[in-house]
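Labels run A, B, C and D following the written order; every chain starts at residue 1.
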């Protein structure tokens, strides 16, 4: 199923572009490390988003030109970034006050598993040998107004990532609002997973078969 | 007894001078409104104290020259002040973090009553018609490392202010370390009031008679 | 393009409804957003709950708002100051409710509201009448009171300078409650002496990041409460 | 005359005893006080508890302190980064203890330690393995965990500039944990690129007021961890 999944549906860039369409102008946004970072490249013209990075910057800009960066101006992924005009620096307690206090409009995260009740698992497989590391994920999902997940629909082994109930350790309970995969856009509602949009050429049944809990049509 | 009390012992300035002697160089100090403010005038030469005012300034200086003040540079008593080189402004939550977090070395307050267990009453007589107002007193006594009281030994009516147990509503429980009056310097110890020093020409018996709980000699 | 500028104080406060909870910055006159308060008087909202350290002086600003009987309740640490007659009068007549809060607890409750901390423990007021009815707990042998966050529908704040993103810097001790009230209100409205282009405030020196601010309004020459009181002014 | 300057990193950390709890600033290399950490390695204290967001990279700075087996326990949100091999190695061998804390809870616990708040409620980690054993309470229909403050004997922090009063400003995102760790430690030690006269830092722009700082030490040209790691350097 792996190759099959990789061949159809949106590319990563297209997933990011689709997600970016749903972010209103003027939103304060925190993008997780990895695929979520792609979203910033696809914000529609005429919209301005303000990016928050939890290590203490509001108004994060793109990567610096080679050699022009400052090793002390980095994002949460510890990569060098820039600051836009109108940016502000602050300390970690203030930064997480923004997160926990509900001031960030949207956070986009990757996922290992998302359950149909909105539970998220994205920090640990719970395996004995693993080094546990959680970072800011638990604070983000607990505090940010909307939390979107962007992820491949299934694992590399072809297992659904959208599940009835997470088997990996949770990051947060009932925290996810919407999931963007290469196959579809899916809302978490009180009734469970609900289809918002199919990727071009992908059928409802195709997505439904690869989803580990009932998928409702709109 | 009123006139008698007024005639002997230290003047207010002398009380403030005596208290100032006990403040080590480099201390961070919060002075309450009224008599406590006098202390700043009598800091011995060679010592530098840094004054904190809870409305958001560390490094408070003296009153401005007439006409040179800013109505938005004031102290907790809402009087115009100045800022010394090396001062810092901050918001109210940070200011009370300094207080509650034990960062201020000393606070000097006035008192209505001080009990021999260190209880302080200085914000309300508890009378029905009174407008209750507490300000920062409860935070100061709860958080500052040492709390000194500077006060007349007795009320205008001649009643002791140093008492067995406060009858007025408390500002804090077991919070006072030392009391400076026109008659004496008195420590609060696990054994109760303990004399540190008599004002010149004042006898132990004279002070003891005017103190509402047993006064121990050193 | 982010632009949080609004035309004037009247527009800035136009949608504050009857019964709203409004945080009002300031410690005495320092940081008191007097033009926003006067606009709120003109606007007419009633039954307000006001969270502010003091209750104003004379017959202008916050005191005038109280005098106009728009305020049902104040949450406050020190409602009694020199030249403060309006609140005592209303309070003695039973026409205004008072929740008295120690100043540091007031500040921390507001900060908690902005930081998403629903409750915290503080040593202030243990053993006093202000502890009555509050849960307490002992940590490491010392007793603390449980205090709840404070949040508001609106905050009225005075800064020195802002940009269109809502970044704000303050003037001296006028900073006081502004930064934390901006955090704790759903709609934070800031009057400033001047509005500049984004980038003109050094990002290292921003005190209130724009994320906490919804509207900025320029009041180039704000009135000074103490001067008005000295002149015996009243509003309206 | 207030003068918190000390001669160099070695003098600044000389009295940190075995078994001390030490907060170490930085998020990755930004704000990591690498010269103070190296001085602590030279100094030899053992059995430390280190509170820091990460566990260092390569074989320098914080990672070198761990490699030298001076640290019994880390309190940390993310002990696993690119080029981070020392901590995983020690952890798998059972030679170091880990208290894993969500990053925002870590920051707030440190801030609480500095602000005299012994405990507070947070929504982060509710329903997760990190909630195990923690008291919880419902406020307004939502569940929160009770978290305790974090305090330390010492804090090692990196700033950009300080004065002899201990006022500190930072460089960009190197600010991160510095201001709150300075508040939460009994002795806060700050290395800065330059020390200036009191008054040369505008009081409106001070980030960490001097009351929170005990020692400042000038390190004019601090090393960059990423450059050292790229060059394969190790310390000592």
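By our rule, contacts are C-beta pairs under 8 Å (C-beta built on N, C-alpha and C of every residue); 3 or more make two chains touch, one makes a residue touch a chain.
Small disclaimer: the values here were computed from a predicted structure and weren't measured.
Enquirer: Looking at A-C and A-D, which pair shares more C-beta contacts?
Expert: When A-D is set beside A-C, the one with more contacts is A-D.
Enquirer: I'd like the Å distance between the centres of subunit B and subunit D, where a centre is the mean of that chain's Cα atoms.
Expert: Taking the average C-alpha coordinate of subunit B and of subunit D, the gap between them is 36 Å.
Enquirer: Quick one: report the Å distance separating subunit A from subunit B, using the average Cα coordinate of each chain.
Expert: That gives a centre separation of 55 Å.
Enquirer: Measuring centre to centre with CA averages, how many angstrom lie between subunit A and subunit D?
Expert: 29
Enquirer: Residues touching two or more other chains, restricted to subunit D: which are they?
Expert: Residues 108, 111, 115-117, 122-123, 170, 172, 204, 207 of subunit D each touch two or more of the other chains.
Enquirer: Which residues of subunit B are in contact with two or more other chains?
Expert: 57, 83, 89-90, 93, 96, 99-100, 143
Enquirer: Any two chains that touch count here, so list every such pair.
Expert: A-C, A-D, B-C, B-D, C-D
Enquirer: Can you list the residues on subunit C that touch subunit A in the complex?
Expert: Per the touch definition, subunit C meets subunit A at residues 1-2, 111, 113-117, 163-165, 167, 183, 197-199, 201, 203-204, 206, 209-212.
Enquirer: Any idea which subunit D residues touch subunit C in the complex?
Expert: Listed in rising order, the residues are 108, 112, 115-123, 137, 139-140, 142, 144, 148, 169-170, 172, 202, 204-205, 207.
Enquirer: Taking the touch rule as given, give the residues of subunit C at its contact with subunit B in the complex, in rising order.
Expert: Spelled out, the residues of subunit C in touch with subunit B are 27-31, 53, 77-82, 87-88, 91-92, 98, 100-108, 110-111, 122-130, 170-180, 207, 224-227.
Enquirer: Can you list the residues on subunit A that touch subunit C in the complex?
Expert: Residues 26, 28, 48, 50, 52, 57-59, 83-90, 93-94, 96-104, 143 of subunit A touch subunit C in their complex.
Enquirer: Quick one: in the complex, what on subunit A touches subunit D?
Expert: So the residues of subunit A touching subunit D come out as 53-57, 70-74, 78, 83, 89-93, 95-96, 99-100, 119, 124, 126, 129, 131-139, 142-143, 169-173.
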